[in-house]
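Labels run A, B, C and D following the written order; every chain starts at residue 1.
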Amino acid sequence: MGQTVYLIDDLLAAPGKGRELLAAYRERYVPGGVARGMTLEKVIVSPPVWLEEASNRLTILWTVEGPGGWWGQAAQSRYDPAVAQFWASIQDLVVSRRRHFGAADADVAELADA
Amino acid sequence: MGQTVYLIDDLLAAPGKGRELLAAYRERYVPGGVARGMTLEKVIVSPPVWLEEASNRLTILWTVEGPGGWWGQAAQSRYDPAVAQFWASIQDLVVSRRRHFGAADADVAELADA
Amino acid sequence: MHSLIALLHLDGEAARICAALAGLGAAVAQVMKGNFNGGDLSAIWDFENEAAYHAARPGIHAILNGAGVARADTAFFGHGSIGVREQGLSTGIHRTLFLCADRAASEARLAQFEAEMALMPKYIPAIRNWRFSRVIEAGGELPWTHVWEQEFADTAGLMGPYMLHPYHWAFIDRWFDPECSDWLVNLRLCHSFAAYGVAILSN
Amino acid sequence: MHSLIALLHLDGEAARICAALAGLGAAVAQVMKGNFNGGDLSAIWDFENEAAYHAARPGIHAILNGAGVARADTAFFGHGSIGVREQGLSTGIHRTLFLCADRAASEARLAQFEAEMALMPKYIPAIRNWRFSRVIEAGGELPWTHVWEQEFADTAGLMGPYMLHPYHWAFIDRWFDPECSDWLVNLRLCHSFAAYGVAILSN
């Protein structure tokens, strides 16, 4: 039950909007995520130079503890209008976004044996 | 010069091929990457259950030290036929793949000021 | 085969309503605690065909719209994807999920959603018997589009393995999650479960 | 305006060949150490138009194919994307890259590659002057498709900031990297640099 579970936000910024997107995410999403029990592990900017004409990709890794931690954040975010509002508000700052959930390959067998 | 630089392999496995793809990567790519000076930080499997009908996504994080570490691995891999052969050999195991290079957002300013 | 499921929110007279529903051929049970928007009573009818349902409908609606019933969510459906692992299971828990897949989606994405849902039992053995169906006629809070029924050996199967398995939270749930780009299903759901004391999905 | 660049691999008589190239109007310089497949001598001609190049070509080819020259890579091109930050820079380093974008690519991807290449100087101030051109006529090891010329204040600019900037290694280089799905450019390149003592890109 204690496996580290990753929530990965993979955000492809609109051209020239990478820095603004990250600022919005850090200011208006991260505090709520932390309050829902998530731990922000890493924010990786690719390439690590803010592009004006092309898209930066933000790879944002959050962790929670086990499926319990996962449901804990989901139960809070799902019915919090501020969360939906945040995602709607950044629509013009992203070309595409994907959130996916994973774990270290070493933990897969144990998790999937639930 | 000492910033941590991430090399991220984002591999979308062919349906049902996630486990085989990861095994191939661990057996036939990781040792060479380590030999080129890269450090394997994380392999995240999404979702953390091997799917038979759908695609697992592998998010693989490597680190090197600074642009020097980046060029160090590139100069070796680029002219090593075994590396190109590896990528060709897994073509049927992936739906799509993308490699991108990044750094923590806190390091962007310093890196881009090179 | 077709079925109708009604989830009734009562404002009194449970015993009389229960008896009336059973009198019209329903399997009836009290909805258990832990439900979400799941009602107080759950009633399930089987019909040979749509005509049989249409014949029975006026009598059933009279109860659902009658005294003691504050509101009812209903879904009439032809049996969709069915699986039976435990023939005759009558001592378990039957779970009903009404969902409304009302976010804009192509037919291809809808088909993907349905295919992935129908594969849950393959990955989660705690689901003993199951039925996943498109709704023909819905009533109540939302125009429900799908009914997902599962039978578990006990509530532990529903609360434990079913909720904890990564096929559920790390894969299927993205269709239900406004934070995921695949979000498809209205946040209002009826999640209801009950012990009928009879086999519902393998009768 | 058009230009021809020739990168000569010599097997002798450097002084004579150098003088012969200069006699046909070329700026000539010895290629510096650290080059990759960049030759021993680099010669650059400017032409008003293609006709002027065609008139001069037989004389130039006689030298490139003559005694003392083991092999030459050549690229004739109309001037493409040009930028001048330091007018008259004559004491710097001129760098020539011949590349062959021969991996299957749509015209749209090729245009994206060219646009991203042409933006390198915007992000990397060490590039003082530049010219990025499609090749009209190529000779030598590969059918070179593009010539990328840059002038730096000194070799430190080329070896340091140019190589270290993330726009280069973390963005542009993917077109050159067989490990990246955007890989476009043949691994064989001519990377050559030299000090001509005259302004090449801002003359």
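Just so we're on the same page, a residue touches a chain if its C-beta (ideal position, glycine included) is under 8 Å from a C-beta of that chain, and two chains touch if they have at least 3 such contacts.
Everything quoted here is computed from the prediction, not taken from an experiment.
Colleague: Leaving chain C out, group the remaining chains by who still touches whom.
Modeller: one piece
Colleague: Which number of steps is the smallest that gets you from chain C over to chain D via touching chains?
Modeller: 2
Colleague: For the chain pair with the highest number of C-beta contact pairs, give its two chain identifiers.
Modeller: Contact tally peaks for the chain pair A-B.
Colleague: Please identify the chain with the largest separation between its CA centroid and the CA centroid of chain B.
Modeller: Centroid comparison gives C as the farthest chain from chain B.
Colleague: For chain B and chain C, what's the span in angstrom between their mean Cα positions?
Modeller: Chain B and chain C have C-alpha centres separated by 44 Å.
Colleague: How many angstrom between the C-alpha centroids of chain D and chain B?
Modeller: 32
Colleague: If you average the CA atoms of chain A and of chain B, how many Å lie between those two points?
Modeller: Centre separation, chain A to chain B: 20 Å.
Colleague: Listing for chain C: what residues touch at least two other chains?
Modeller: In chain C, the residues touching two or more other chains are 123, 165-167, 170-171.
Colleague: Please set out, as single numbers or ranges, the residues of chain B touching at least two other chains.
Modeller: Chain B, residues with two or more chain partners: 5, 46-49, 100-103, 111-112.
Colleague: Hey, how would you classify the chain contact layout here, line, ring, star, complete or other?
Modeller: Shape of the chain contacts: other, as it matches none of the listed patterns.
Colleague: Among all the chains shown, which pairs meet the touch rule set out at the top?
Modeller: Final set of chain pairs in contact is A-B, A-C, A-D, B-C, B-D.
Colleague: Can you list the chain D residues touching chain B in their complex?
Modeller: Those in contact with chain B are residues 123-124, 160-161, 163-167, 169-171, 173-174, 176-181, 187.
Colleague: Taking the complex as given, what residues does chain B use to touch chain A?
Modeller: 5-6, 8, 10, 22, 42-50, 57, 59, 100-105, 107-108, 111-112
Colleague: Can you list the chain A residues touching chain C in their complex?
Modeller: Residue list for chain A touching chain C: 1, 5, 67, 70-71, 74, 77-79, 83-84, 87, 96-103, 111-112, 114.
Colleague: Name, in rising order, each residue of chain D that touches chain A in their complex.
Modeller: Against chain A, chain D makes touches at 115-116, 119, 122-123, 165-167, 170-171.
Colleague: With touch defined as at the start, can you tell me which chain A residues reach chain D in the complex?
Modeller: 46-49, 51-54
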